[in-house]
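What follows is a set of structures for review.
One chain, chain A, links the two complexes that follow: it is found with chain B in the first and with chain C in the second.
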Partner chain A sequence: MTAQLTHTYKRWSRLFVPALVLQLIAWWLGIFWVGTDKDQGDVYRIIFVHVPVAWCAFMWIILAAGFAVFGFVKKKSFEEMDRSAHAAINLGTVFSALALATGSIWGRPTWGVWWDWDPRLTSTLVMFLVCCAYHVLRSFTPDIQSRRNSGQIVAILAAVNVPIVYFSVNIWRSLHQPQTFVRRGGSASSDIGLVLFANLIAMILLTLVLYKMRRTAIAAQESLEAAREGR
Partner chain B sequence: MATVTSGQNWFASCRLVFEYSVRSVFIRKASWAGTLAFAACLAILFPFSFGTELIQKAEIRHGAFWAINEFVVALTVGRLFTTEAESGILEMMLAAGLSRSAILFGKILFVVLYLLSVQLPLLAVWIVFYNVPNAALFSVLPTIFPLLLLFNLGTGTIGALLACVTARSTGRDLLMPLLFYPLQLSVLLAAVSLATYTDPAVVMLAGTQGSSWWTLLTGVPVVFLALGVLLSQALFQE
Partner chain C sequence: MRRRSRWKPQEKGVKVMNTSEYGNISWFFYVIAAYGSVAASIIVFAISCRRQYCKAQEALKEEGFSADKTW
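The block that comes next holds the complex of A and B.
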């Protein structure tokens, strides 16, 4: 079991460097290849980090809920799905925090403030807090079965926030710009869209490798816990 | 209390849980009176924390009412299943074959009405202590009742779900607000915004969309009620 986990971890960690190189190339394109924006100047280039990071946060939180639902439906894979949901929420938490941080860095020169109680920003903060609460819940629940059970439920509840965050800019009066790339007739040029898409793909691949590594680490940690407790 | 039989239908089970919850409050009269006294204390405390001049502003006045409500809600949902869990009644209900979703619905119904029973006298306290002008009173009062009901429904649903989730955790007192407040924030925002918009003293900004707040206030309970039904087997484990 341990040898198999070590092998899986090593296999995925070998893919980490190519995925990181791909991401660095995509960032290089965003910094040096695409032209300057006529309104924001070079500040807008943070879009190539901020947007993929935010999309990855959405993706992993939705996937965590998907794993949790699948775990409840297919009882046989409940443990496996709990590990998957746990790893996915780990990534969702980190990427929500990164989305908030990069958004704040972008907000300072464009809006003049680090933070505004705007619907998009507030709902993203809520999403991040729910993800944090998931981890606190797991660490405060000693019984493994209850931990899995309550963790899966909170993973599903956390996903309720994703559509609220996504549609917040359309529903409420917001300082945050509405969807630029998804919306038909958006104002972004095609080369910006292309590089952004390349960044998104690179970021998804990178997070996929990170997810597999984290998931293997969780499985190893649980095996260790089980061995300690004599389960 | 009615006798529990395995063939009891869903509505009867729901009523049973509701009746049990109401009776447990009646037995411990102090819990309802204590919650109301706590809310009244907060109502007196808030003008001093904001400043007695600033509290006259319509936005602050409304904000204070809903902030007090938040404390009442936290106090109520934090111990939602405590009596049942401690006395073993919950285990008995599950063993007797009561529908899990009926237990959840019974509890939600109880929370909605319990909160309302505290909020109504609190509303009177708020009107008196916060000098709510007559013009504001006549425009706010017709909206505040559906608002309170929907707020309680959303809050009660989320609270009941999370009370079940955190029941087996060691740090329940810490976990409950940590999980509850972020998830309930949309309900609070919608209720505060809608209550504030009804006050004629509040200048509404261009582009303010009251309908989206109503959608949120009604949508959140629907989503969480549906999740509660779907997850009821996982929420209540023997």
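The block that comes next holds the complex of A and C.
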């Protein structure tokens, strides 16, 4: 099985550089090709990194919960699903943090502050903290079975927060702008939408490669733990 | 006659900046900071995956576990 792991890891890690190059091309389009916004000027270009990063965070957290639920339903594939959920939550944590960081960098020139206790920002912070709780819980639970059970439950809890984050700008009065592209009559021009879509696709592909790399690394790590326990 | 203090209280609250305040150079700073932090995190994440995988594989080899028994 380790040979299969090596094959899987090598195959996916080879795709990392092409996926990164694709992402760099999409970023180049966002920074240099697309026109300037009439209200915000050039600083709006952060949208091409902030929105894909936030959507990827949502995607991987929801997928982690999906893997967790599937693992509970199909007991046979519980271990496999736990590994998948673990790798997905890893990405969800990093991308939630990046959504907060890029949002903060964008907030400074547009709102005048790095941080505000606004519903969207606060709920994203809670989502990030729940993801951190997943890792803390896993690291402090020595028994592998209870580690898996508690991890899966926290993965599901993290996903419960995703719709709260997403709809927070519609539910509460928020400093954060409402959805620009999803709602009808959005104010963004078509070229901005197109470049954003290209960035989203590139970011999803890149995170898919990262997910497979992380999942294989977790599998190798668990393989080692299992071998040591069986000694 | 009492002299008036030169000290003026600072305006409190959120300072909303005009686009002209961050000018043509500093927008680039904000954009590069945002893109740079994401690029750096992605690369660090990929390196950490590689390290975790290689360490586990090396430990498996060093401790002499058979490939069939380890899974």
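What to note about this one:
Everything below uses one rule, namely that the second predicted complex is superposed on the first by the 230 of 231 C-alpha atoms of A that agree within 3 Å, B and C clash if a C-alpha of one lies under 4 Å from a C-alpha of the other, contacts with A are read in each partner's own complex, and residues count from 1 in each chain.
Keep this in mind: contacts are C-beta pairs under 8 Å (C-beta built on N, C-alpha and C of every residue); 3 or more make two chains touch, one makes a residue touch a chain.
Every value quoted in this text rests on a predicted model; they were computed, and no experiment measured them.
When both complexes are superposed on chain A, chain B and chain C fit side by side without a clash. In the superposed model, chain B and chain C sit 100 degrees apart as seen from the Cα centre of chain A, a figure rounded to the nearest 10.
When the two structures are aligned on the shared chain, A:Gln221 is found in touch with chain C, with no touch to chain B.
When the two structures are aligned on the shared chain, A:Phe72 is found in touch with chain B, with no touch to chain C. Once chain A of one complex is fitted onto chain A of the other, the partner contacts of A:Ile164 are limited to chain B, with no touch recorded for chain C. For chain A, the partner with contacts to more residues, out of chain B and chain C, is C.
Chain B and chain C never share a C-alpha pair closer than 16 Å once the two structures are laid over each other. Shared interface residues of chain A, touching chain B in one complex and chain C in the other, do not exist. For chain A in complex with chain B, the residues that touch the partner chain are 72, 122-123, 126, 129-130, 132-133, 136-137, 140-143, 146, 149-150, 152-154, 156-157, 160-161, 164, 171-173. Against chain A, in their complex, chain C makes its touches with residues 14-17, 19, 22, 24, 26-28, 30-31, 33-35, 37-38, 41-43, 45-46, 49-50, 52-53, 56-57, 59-60, 63, 65, 67-71. By the touch criterion stated above, chain B contacts chain A in their complex at residues 161, 165-166, 168-171, 174-175, 178-179, 181-183, 185-186, 205, 207-209, 212, 215, 223-224, 227, 231, 234-235, 237. Considering their complex, residues 1-3, 5-6, 9, 13, 16, 20, 23, 27, 31, 39-43, 45-46, 49-50, 53, 90-91, 94, 97-98, 101-102, 105-106, 108-113, 116, 206, 210, 213-214, 216-218, 220-221, 223-224, 226-228, 230 of chain A touch chain C.
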